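Report on the structure given below.
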Amino acid sequence: MVKAAVLGATGYAGAELVRLLSGHPDTEIVYLASHSYAGKKFSDIYPGMRSAVDMVLSEDSIEAAASVADVVFLALPAGIASKSVTEDILSKAKIIDLGADFRLHDKDTYETWYNVEHFGEKLLGEAVYGLPEIHREKIRGKRLVANPGCYTTCSILTLYPLIKSGLVDTGSVIIDALSGTTGAGRSEKTTSLFCEVNETVKAYGVANHRHTPEIEQELSEAAGAAIHVQFTPHLIPMNRGILATCYARLREGVTDEDVAAAYSMYDGEKFIRLVDTPPETRYVKGTNTVDIGYRIDHRTGNIIAMGAIDNLVKGAAGQAVQNMNILFSLDEAEGLSVASASTF
Amino acid sequence: MVKAAVLGATGYAGAELVRLLSGHPDTEIVYLASHSYAGKKFSDIYPGMRSAVDMVLSEDSIEAAASVADVVFLALPAGIASKSVTEDILSKAKIIDLGADFRLHDKDTYETWYNVEHFGEKLLGEAVYGLPEIHREKIRGKRLVANPGCYTTCSILTLYPLIKSGLVDTGSVIIDALSGTTGAGRSEKTTSLFCEVNETVKAYGVANHRHTPEIEQELSEAAGAAIHVQFTPHLIPMNRGILATCYARLREGVTDEDVAAAYSMYDGEKFIRLVDTPPETRYVKGTNTVDIGYRIDHRTGNIIAMGAIDNLVKGAAGQAVQNMNILFSLDEAEGLSVASASTF
Amino acid sequence: MVKAAVLGATGYAGAELVRLLSGHPDTEIVYLASHSYAGKKFSDIYPGMRSAVDMVLSEDSIEAAASVADVVFLALPAGIASKSVTEDILSKAKIIDLGADFRLHDKDTYETWYNVEHFGEKLLGEAVYGLPEIHREKIRGKRLVANPGCYTTCSILTLYPLIKSGLVDTGSVIIDALSGTTGAGRSEKTTSLFCEVNETVKAYGVANHRHTPEIEQELSEAAGAAIHVQFTPHLIPMNRGILATCYARLREGVTDEDVAAAYSMYDGEKFIRLVDTPPETRYVKGTNTVDIGYRIDHRTGNIIAMGAIDNLVKGAAGQAVQNMNILFSLDEAEGLSVASASTF
Amino acid sequence: MVKAAVLGATGYAGAELVRLLSGHPDTEIVYLASHSYAGKKFSDIYPGMRSAVDMVLSEDSIEAAASVADVVFLALPAGIASKSVTEDILSKAKIIDLGADFRLHDKDTYETWYNVEHFGEKLLGEAVYGLPEIHREKIRGKRLVANPGCYTTCSILTLYPLIKSGLVDTGSVIIDALSGTTGAGRSEKTTSLFCEVNETVKAYGVANHRHTPEIEQELSEAAGAAIHVQFTPHLIPMNRGILATCYARLREGVTDEDVAAAYSMYDGEKFIRLVDTPPETRYVKGTNTVDIGYRIDHRTGNIIAMGAIDNLVKGAAGQAVQNMNILFSLDEAEGLSVASASTF
């Protein structure tokens, strides 16, 4: 049994992680912490988990967590992990960070986009970007996994084959993404109130959303050259789900077969389904699956590639479990749903 | 392995049943039928199940189903099951009917409320009303189970202890219930369109909803005398869930302890949680659990008892699986979630 | 032109009032205040009003408001109005209080249910309960109007004819009400977040909601004797609207004609429509209309009377404008919609 | 008083038009028709309009309509208007067609994208594309106005200044649009059911949506050369509203001032507001207003221009009224809201 701890257990991503870990056959939850609700039972905050997870929440302490757990999941605001993950901590437990602190290889890029000082520069080289479908082999044996962001997971996996295979003009990439409101987190903000989100839609973070450099880092690696992408997220009135509609200009002479061949890199991937109609978020709700579909528009010369994930599962907690499974040599899909989630 | 067949597999209750059966460790789906989509794959209609359930749908045939399955689930419109379930069918397979045809013991009551002729009168005596928390022992060994309705499951379980223990005036029972829109089914009706349901609420079936006699039958049995209830359902803009707010006048001298003692009849029930705040439907979403809470109002002399279920699980498909588990001597909770569902 | 001021202009009821006043042909907004957003423009907070209401918000000051306005609307938390409305203020401007401070005639009842000290006892006798369909003549000429609550407006108007005409057992009244989430206000609370309200439903304030004594006060007056009601509100996932489903036991011998005759008291009321199907909240959205329907259930001996309003219009801002129209001898419907709102 | 008739009065666009016309001070509704509900009262179908519009619906007849009305609005499926609008009809009444039949100047383009034969080719030259902010002067005095589509109105008005001023690479235009579900119409389709739309999002009509040629026609006219755009609509779970997020590559040397100057073409337009934050659909709900905002991304070289409208008002019925106002020399904004709609 893998002993697991979660810091930030009562945010939406943290709570989803607790839900998944509680149903994972080879994991035991040994420590849960929440800054806001320390002293209460987890099931007081998430009553749906009554009788399933009644553990009392501690005040966040990575030291306490690392001393009792084999793996510590961090679901904390930007800037905290970079300060608290140390060599000492890593000598005691593996760390899977659901936050952004170790995702970007470059400290300056991090500080520019996040406007927070980074205190863990020397660990940046050790951290692995935990996107298994791209970096599976690099993840094995690591001590520190930077679990990717939600928009980034969806965007990178949708576009990667096109970039990697050199089929599109790398200067033309536009990612127009839609997210359910769990993506805005559980903090008390007027903009997250029911009546401010329901029956409306808006873009936000236009030209400056923090997931941009993360997408660019990974797609640049795929391209073998630095590329910029235009990324625009929108908030829509639903709880869960991300849909990324991605546009790129096809290079001259690229055929439908070339595109199909590029996406065949995902053959055998348990959590990726290529679909022949535009993907819908409900079909991946509650699962760790990415549905990807594309349409080549010969009239305009563009390809429109669309990806759908559950932002809290493949976009956060599920991918974290997938990374844990890899780190501990378990079946990569253990404790995760591929396809059985309800879709309405 | 129990071999299972589902007729009416593409309605909401049927599809939820397929979802549950596909994840049940001791069940194998051997036959799926759908009048509307015969010839297509189940996963064409519910693409979230791609790779999980790709079986081709047959035209509804109870004979074909019974010849290959140990248990046949019927999720069909009123009036069909009473015609098609025969002695011959029952000699081949057990039947769990998610529809209403065998729920009412009295043919005339059925015909009055449903306005449909009943063709299976002689089987009415054999059929058992499949509410395990009340009739568990009667269900064992039966061939024909009438799976209760969604409103009825919630209402009966919420009120049963009060009636059974004689704590309330049986003439005073009012059930005000709210249902998510999967309760209206998947048929193409203007009244079920998104823009006709979203951002509004209404009562329907006021004083004449078909679940009324079913609730009265079971509560009368508990009371040991015929009782009438006032039942008013409402349609609300969400997908899943039923909340029943039930009112009854406490008999004189009834104490808080008497009420607590009455509800203690559910001690040990895996799928019933007594909660001390008003139950919310999201906390039982995707599970087979009933959350029940109550408030005694000494000022008015009433008790307000509230129950919450997922209409498609405990209110339909989950309870059907629970009944199957009983019929086939499996663990009653196998393949069913108690508490691990996501609540947002 | 009536010069109008609004304190608490950026809460939902306040903002709706600003919207209505800005379109009212005989009103000029001369002062708007908001504790949270003083110094900003109203249209910064409600950008839909850009170019329509760009007035800068003041810090709440009833003195400043009363010195420039003919009528001051208060949309403030409980306990503030009772302190700030004075003889001096009333000598300068009429006050329409959308809060609860002057609704209950009895100081003790107020303090018991609201758990707040009342500082304006001597004005309780002067204040009029501003429900025009019941107290129209008493409102005329008054200086201080207590604008009724949302649940109370809907519940009282739905039940009043039955109680007034003595058709029902006054000890049997149950009000089961559903409210959209604007009813919870615009303050930053976890329980009002989109993902905590969407796709779920719950009762709250069971047996102790503050609107109870207000309903009882008015219905007792109608009955000519003190009566208690059982009132249970529920929060549902939509922005606007209240539906009250009210139950009462019909006195023996009461006929359908008696009931029709009782409701005929509303003949000629511009804002009340008797409807023959269960009312829906969408049909009154944005209007000051109350839709009322009822069903007599001879089987059970109960009447089920249902009322629907827009909680922010007839349940707050619209009724406040209606009261203003009465106070200033304008057409009672001026600036208010009866029927033209969009219903989807 | 302008006498108005509406064919297709019970679809969502038609009903919204009836709502607007019923509140228009210089219009009298003289004829309403509905194929589905002929013989019923309009307010039977839209009970929110009880007492406001109780007219009985006729079977659709353009002849009957033209014989009693000054203007006939058509809100009919593609292919019907091109057959029924004749010289004779036009000699009796002005026609404002909310459908697509007269929007495209080229018959072949129409038939290719709509897959319907066009019977009114000779009227294509007479019809004017009724987008007042672009073609106001051409509309005056016309007999036949082709009212633009919802996506097209929003997309064209958002991009027009950039194209007209030559600021962007015309080959780079991408329009990623989101629509509320009234956009899918009121017909009974499984895909429009509440439970199929709620809590999910998807693209549709990728690379082949019928609004594409309409956008291209108008933007090509602005560019002075044929251009293609990539247009991708998405269906989102809300009733009303369209948000178009438009991307284009800025030509070299284009400055922020150039862009501001281009958009200044809308100075004085009553129904266009330039906003400095990303527009939200709720801020234009119920109004005829277009909110347009943009962000120049110097890092990528792109401009992101965003437009928001109410699809049923500026995207259909409101614009039709605006066109009627122009045709009959009324104030262009009469009967239309600019800013006073409620935004929650």
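The letters A, B, C and D name the chains in turn, as written, and every chain counts its residues from 1.
As a working rule, contacts are C-beta pairs under 8 Å (C-beta built on N, C-alpha and C of every residue); 3 or more make two chains touch, one makes a residue touch a chain.
Only a predicted model underlies this, so the values are computations on that prediction, with no experimental measurement involved.
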Chain D and chain A - chains in contact with each: B, C
Between the pairs A-B and B-C, the one where more C-beta pairs touch: B-C
Chain at maximum distance from chain B, centres defined as averaged CA atoms: D
Distance from chain B to chain A - Cα centre to Cα centre, in angstrom: 37
Centroid distance [mean C-alpha coordinates] between chain C and chain A, Å: 46
Averaged-CA centre spacing for the pair chain C and chain B, given as whole angstrom: 39
Residues of chain D whose C-beta touches two or more other chains: 12, 182, 195-196, 198-199, 237-240, 280, 282-283, 285, 343-344
Parts of chain A lying in touch with chain B, wherever the complex brings them together: 12, 16, 19, 22-23, 46-52, 182, 199, 239-240, 273, 275, 277, 280, 282-287, 291, 312, 338-344
Chain C residues touching chain B - in the complex, by the definition given at the top: 172, 174, 176, 178, 195-196, 198-204, 206-207, 228-230, 232, 234, 236-241, 243, 245, 247, 278-283, 285, 295-297, 299-300, 302, 304, 306, 308, 343-344
Touching residues on chain A, where the partner in the complex is chain C: 12, 181-182, 184, 186, 188-190, 192-199, 237-239
